[in-house]
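Should a chain be cited, it is by its letter among A, B, C, D and E, assigned in written order, with residues numbered from 1 in that chain.
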Amino acid sequence: MHIIELIFSPLLALLIGVFFLGLARKVMARIQWRYGPPVTQPLIDIIRLLSQKSASHGVAFNIGLVMSLAGSLVITLFLPFGKIAPMSNSGGMLVILYLMLIGPLGMAISSGESANPNASIGISRKLLLAMGYELPFLLVVLALMTAYNTTSITEIVSLQRDTGWSMFTFPLVLSGIAYLLILPAMLGVRPFEVVNAPQEISSGPLVEYGGPYLALATLQHALAFFIGISLFVNLMWGGAANPVIFFLKMLVVFFLGIFVNAVFPRLRIDQAIRYLWRWPSLIAFAGLILVCVTGS
Amino acid sequence: MDRNQLKKWFQNPVKMAHKYSLHVVYFCTGCGIIEIPPSITARWDAERFGIIPVATPRQASLFIIAGYVSLKTLRSIIRTYEQMPEPKFTVSLGSCPINGGMYYDSYNTIKHLEKYIPVDGMIAGCMPRPEAIFVGVTHLWTLIDKDMADGYKRYRSNYSAYRANQEKILGKLEWPPLFPIHGEE
Amino acid sequence: MTGMEILLLVAFGGVMLTYILGRISSSLRNTFAVVLSLVLVVIIALMYDKTGETIFYRGFFGIPMSFRIDALSWLFAMATSVLGCLSVIFSLSYMSDRKNISFYYSMLFLVNAGMLGVVFSGDLLSFFIFWEIMSWSTFLLISFNRGPAVAAGLKYIIMSIIGSMAMLAGTISLYTNYGTLNIADLSHLTVSASPGYQLFLLIIFGVAFGIKNAVMPLHTWLPDAYTEAPSPFSAVLSGMLTRMGIYGFLLIIYVVVGAARFLHAADSTVSSFNYVLAWLGAITIVIPTFIAMLQNDAKRLLAWHGIGQGGYMILGIAFGTNMGVAGGIFHTLNHAIYIVLLFMSVAAIQYRTGGVRDLNSLGGLIKKMPVAFIGALLGICGLIGVPLTNGFVSKWMIYKTLISGRAPFLAFAALIGSWGTILSVYKFLHNIFLGQLPEKYRDIKQSPFNMKLPIIVLSSTILLFGILPGLPLRVINKIVVSFGFDSLNISLWGIVSESGMLNTINLFAAILAGLIAVWLFFRIGARTIPVKQDDNYAAGAAVPRDRYSYTAKYYDPLFRMISPYLKDIFNTFYMKIADLTGYLSNGIRKIYTGYVGNYVMYIVLFISLMIFVQMKWSPW
Amino acid sequence: MVNPVLLIAVPLGLAFMVPLIDSASRKLTRFVPVAALMFNLILCIRLIPAVLENPIVINLGGFTPPFGINLFVGPLGLLFAGLISLAGLVVSIYSLSYIKNGPVVKYHMLYMLLLTGATGVVLTGDLFNLFVFFEILCISSYALVAYHGDRAGIESSIKYLIQGTVGSGLLLIGIGFIYGIFGTLNMADIAMKIATVEQSTLFVPMILMVAGLGVESAIFPLNAWLPDAHSSAPSSISAILSGIAIEVGLYAVARIVFTVFGISDIYLFFAFLGILTLLIGEMCAFAQSNIKRMLAYSSIGQIGLILFALALATNNTVTGGLFQLVNHTISKGLLFLSAGYMIYRSGSMEISSLNGMGKRMPLTSLAFTVGAFSLVGLPPFAGFPGKFLIVSGALLKGQMVINILVGLVLLSTVIEGTYFFRVIQALYFKDGNGERKRAPATAVTAMITLMILIVALGVYPKFLADFLSSASSDLLDKMSYVGSVLK
Amino acid sequence: MSFLQNNIYYIGAFGLILIGLLIVLVKHNLIKVIIGLSIMDTGINLFLIAIGYLRNGTAPIFSSPEVESVLMVDPVPQALVLTAIVIGVAVLALALSLAIRLYKHFGTLDLRKIKELKW
């Protein structure tokens, strides 16, 4: 059973991630009064990309991307999906926080190797944006960990089963609001789509990726989408005992994200950081203080 | 359109994927740029066929050259074409890249794009409407189906000739030859 | 003769011998240097798991000076000697075209010997003496490069003397109060000391060790010194020498004052000291890490990180739970490994590029110097704390301590420091190894073997300790137990604590499996074609060679926001004080006017003053 | 047993023999001081066991004290005498090659007179005799400062002379008062009778004597001559002035305050005065760019430290002070000697002109470095044990005021370290030009001797400590002094 | 009045000393300063003599048995003064020779202008 979970939870995550990508395109098209591609379109793209012979810029160009996707895959082993969390006893929230670094770092090394100015700009923006949302995010996570006095994410989930969703329990309300405010930035949707910005910097870090590279990058993107949503559901919306309910919760968050994506224009990077470091950070800080004061 | 025929997908997924995931890099000059946006926005919505614009040739599989091609831009066109991963398809849009169009006697506009890079399909008109683009794409599907959209193969096998043409009109190119040129060694 | 006496004899004898051999022949000296450093490693390795104390000298006014060895000193000695050995091997070619190499080597050995003396000292007097030897020999090495290094060295030695004087005061105060300087004896005696006196001791030694370890308000010597010292020595300086401050803190807080026994008692002044120290550690993490982002000099960037990482150690050991202290010590060890690796990578680059360390003028060296790249990559992974590197485990332990100790703000400082680290070290990696290769470095060669060897050794150690942290943690657990804490629950591949556990071998397996799976998936796809670096897309045009330096203002949007707040105000403040002293001195010496009448007047005034004092207060 | 009178008589006699010897053989002249001081040194060493057992009191002319003049050779006096002969010997070896031009005969004569005067001061038991020896010391040093006859030398010499004469005048008035009050000039006799007189009466002579001797010993407001004289004298003489002359002055102050007057109320005042001298000396040195002036100011600072240590008047601090004094003699001697040759080679006293000396004169630079390290008090050199003893003794007193003063001592060490390390950096880490030329063998011998002494004392301070501790009890124990003189 | 009579020598001595000191303090000419030092010396000598002086005292020589030692002038200060005079002369000679050299170098004896060594 354990082995099956180990193998299939990353695959499930990939599947849901890719599904979300396709759904996102469909939903966006519908919002824009278009017919839109089929939901399977990302899959078609990936098949096509895998068959193309792309240019490679060197070993780090390959390894970095592989590392990035592998890192994201490993996170899914630690994140509870419903009750499926095959490696949750090998490390808790701190491990997840650090594993979340591998993705961007691998991507950064890989696209850095390509020596493309656009990629450099994209990576710089990516790191800056991460710096922007990590500040409130860490405050939120610390508030959660302090309130539940554990660093294990499965325990946080199971404790919410007793107390109700963290977002709606008293000392964590502010943290929940802050998390909600930074969620678009963590998912990388507009108005925080500064990293790829195809019109501006030729899709940023992805500029030199073609063929299989782009396939990996797409999968990584899908996984990052999955992880962002799943983390939010687990931490704030009480997770779920049942994978189906969990998926439904994820779907709700997903739609929230897409709606935001559909109606906002893109911010500049400095505007994004300024936003992220102002209101969400202040609220998250207040939330942490609240937790410290009220918690025993 | 055979996108929903699962049997074909199982028979030859790669070819099918190539047909229905055409990521386009546009090269637009003059009136070319006017006709592209309608085709990808709500009115005609190219995305329903999997056709979306991308920002870099590395990610693309289709290259649409719309509008006249001056000497200066030819250089970029060649560069961009060579950077696209194979298999790749080229479509020239409008009369100008086909035969010079209204610039037939201009001193710095090239008249026949296919002398410099291989072109798989040409959509005539001045300017062709979006519908024509769609017709062109369906023709391209047919060509892909029949393995006749083989411009990239022609480019490779006749590289020395293409390169000679390019250098004849542009002078010495700053990048090294993509494929070994016959007769040099 | 015990092992320690032989060791110190070898270490100090080697200093002279190296210099003398250097006068005879350089190859003889090089061989001797390598052999000597290896011998030191072997001797110390043989002393594993020994404890004991021997008096070796009574010549200093009859105060017995002794050596002592336990797990703590063994760990530090081992790290010192291994890093010293690697540094010597690295120096063989790095220093080969410099002048005064014999002096360099002998001073390197003197620093090493001083550090070994410090960690093996069984009493505070010999501790102080070795500490001073270490300090001034370091000064001579920091200034070795001349030019700007001279000012850096002066800054270092001034702060170092301030620290030493504080330590001298503390040491002598202990001596006058208890009549002994033996650490083991003192640890029994200070238990009964008044809380105020304990606090005094902690503060005064805290200043001494805080300067050495560059805790935030006392850090200003470090960036200059690290930057300007010869690179292999920068490695030793950052890896071990600075961390002697951590050793000192551990010694004073947990051995001499014995804080473990009453750290969390309600009315203890020590705990408030520790709390202050922990906050200083937190500040030390955050501010230098962000200042590091502003740097464009590779070594300076690493130097600021050296300060920042010191903050983690301080935070860990100041928080004072078994896991925190273990994390702090482990982080010291890990930091030594990866910062030395990073400095060596930079040094390898400097060696091949002719001393260039300006981040804006390098780039694309990954193809030319892959080993240095691997070193730098693993180094920064360790520095950030990417899982499976050693830095992760120690940081995990520190975070864990802070969270379960209900200090979320300290934890926040530590975590945000890590994220700041990513930004600056990615810039470091990117600007040196990634991006476009400048035209002038087209024909650069790989680094020579004796530079690769230390890099490879250290890189593999980073992974080894990251995957099997139980290896060093066993020794560290012994240290923690000897401080009077509970034993940690450690296995070879992880740690179990009440609020979560870590299993690195599982993590390793998962990541390995993930890598293999993704790689296979990647190989399913079509073959990739290697292309030249110039062949990349910039709107159809070629990226201009040698003019691509977007990296010059890599985080410009952020800088514009935060750089006004990131001035090194303490440095400015100390410089102001130094200037003020200069002005004051200049003013004071004006009393020597040069006119004899005035001088005679001073004599008359002196007499009048004494008469006045007598008339007014009649003190005698 | 050898008669300690020879310690004074031999150099004095030889000093006046120098012109005669010179007329006999030119070459021999230079070796006269070496021989004389070698003799003195051997004599001192031979006297050590006897003196440690019991102080030797010599009555000149056979008068028993309190009449007549007596010499008192206690451990302290012998320490100073030994130190004088040692420093004198080393410097005279150094002078063999260093003093080549000018009136060489007069140099050697005056040099020996200076040392005679110094030895006399530390050995005599009679106040007026002390004054006379002091005048011998002073007059010969006035002359020696002006040895080169250049502008700076003459100027500083005349300034020194004016201040010194005023100082010795004050001393003489003080002595006159003392004689008027007690009718005796024997120090032991005065010490015995001191309790019979009201303290306020003693106040005036004490002030006058302290002020008079203070000029010679460079206590803070009275030391304006020192930087000028030390910086413009020939380096060998600077070494002697710094290493011997002012310390002999300090000895005299200590002897008079501790033994003769023995008023413990004033000690704290002297501690303050010492700290003030220390701080001002160090700060002035900090602002100097002229190396000899810097060393001279540093001497002021060290004197302040020693004064502070002596003024605390416990066995520990006085031992520490004496240790520091020995260290100062050796280290400052070494510094002046090495700086002397470096200045000789570079032709300028500016620190910046010494840039790159480490390459050109490696041994001399090393000597300077060792001396500087030792003076700053870095282990394992001779400065550390002294500082250790002083600080530990001071902290042992356990008074808040003294603890603060100790803090200031440590602070001044930082300043001292700063300016010394600045010079060391100039020597080794800055590029200068000039050809590589070693110092002559005699100078090297002198410097190596001092270096070995510094390291030996630093590594094995116990070697000196016992002797110093009996010297300190000699200084502090007034009654045994009185008892041994007056039987 | 009797105070003045009894202490006339002391007053004279200190008068001389203070005059000498004042000259040293206020005069700028080196020669005058040296003269001041001389006057001060003289005052000191007078002071020493005055200590041992006894009004109507006799010479401290036991020329005949009836001479009482109580009436004798104290001989020790006189011996001291002799020495002090010699020393004073030596200093004076040195000072004057230095003054000559100084004048050769500086062309002036004004101490305010001889300030090359300062600070």
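Assume contacts are C-beta pairs under 8 Å (C-beta built on N, C-alpha and C of every residue); 3 or more make two chains touch, one makes a residue touch a chain.
Values in this document were obtained by computation on a predicted structure and should not be read as measured data.
Enquirer: Measuring from the mean of all protein Cα atoms shown, which chain centre lies nearest?
Expert: That would be chain C.
Enquirer: Counting in whole Å, what is the centre-to-centre distance of chain A and chain D, each centre being its mean C-alpha position?
Expert: Taking the average C-alpha coordinate of chain A and of chain D, the gap between them is 78 Å.
Enquirer: So how far apart, in whole Å, are chain A and chain C when each is placed at the average of its C-alpha atoms?
Expert: One centre to the other, that is 36 Å.
Enquirer: Between chain C and chain D, what's the gap in Å when you average each chain's C-alpha atoms?
Expert: Chain centroid spacing, chain C to chain D, equals 44 Å.
Enquirer: Suppose each chain is reduced to the average of its Cα coordinates; what separation in Å results between chain C and chain E?
Expert: Each chain's C-alpha centroid was found; their separation is 68 Å.
Enquirer: Can you list every residue of chain D that touches 2 or more other chains, as numbers and ranges?
Expert: In chain D, the residues touching two or more other chains are 158-159, 162, 166, 227, 284, 287.
Enquirer: In chain C, which residues are in touch with two or more of the other chains?
Expert: Residue numbers touching two or more other chains: 526, 534-537, 539, 589, 592, 596, 600.
Enquirer: Among all residues of chain A, which ones touch two or more of the remaining chains?
Expert: 49, 51-55, 202, 207-208, 211
Enquirer: Mind listing each pair of touching chains for me?
Expert: Every pair of chains meeting the touch criterion: A-B, A-C, B-C, C-D, C-E, D-E.
Enquirer: In the complex formed with chain C, which residues of chain B make contact?
Expert: 56-58, 73, 75-77, 79-80, 83, 85, 174-176
Enquirer: Report the residues of chain A in contact with chain B in the complex, numbered from low to high.
Expert: That would be residues 25, 29, 32-38, 41, 44-45, 47-49, 51-55, 198-199, 202-203, 206-211, 214 of chain A.
Enquirer: List the residues on chain D that touch chain E in their complex, please.
Expert: Per the touch definition, chain D meets chain E at residues 128, 132, 135, 139, 142-143, 146, 149-152, 154-159, 161-162, 165-166, 168-169, 172-173, 175-176, 179-180, 183, 185, 227-228, 231-232, 284, 287.
Enquirer: Can you list the chain C residues touching chain E in their complex?
Expert: These residues of chain C touch chain E: 589-590, 592-597, 600-601, 604.
Enquirer: Across the complex, what residues on chain B touch chain A?
Expert: Its residues touching chain A are 3, 13-14, 16-18, 20-21, 23, 41-42, 45, 47-50, 54-61, 83-87.
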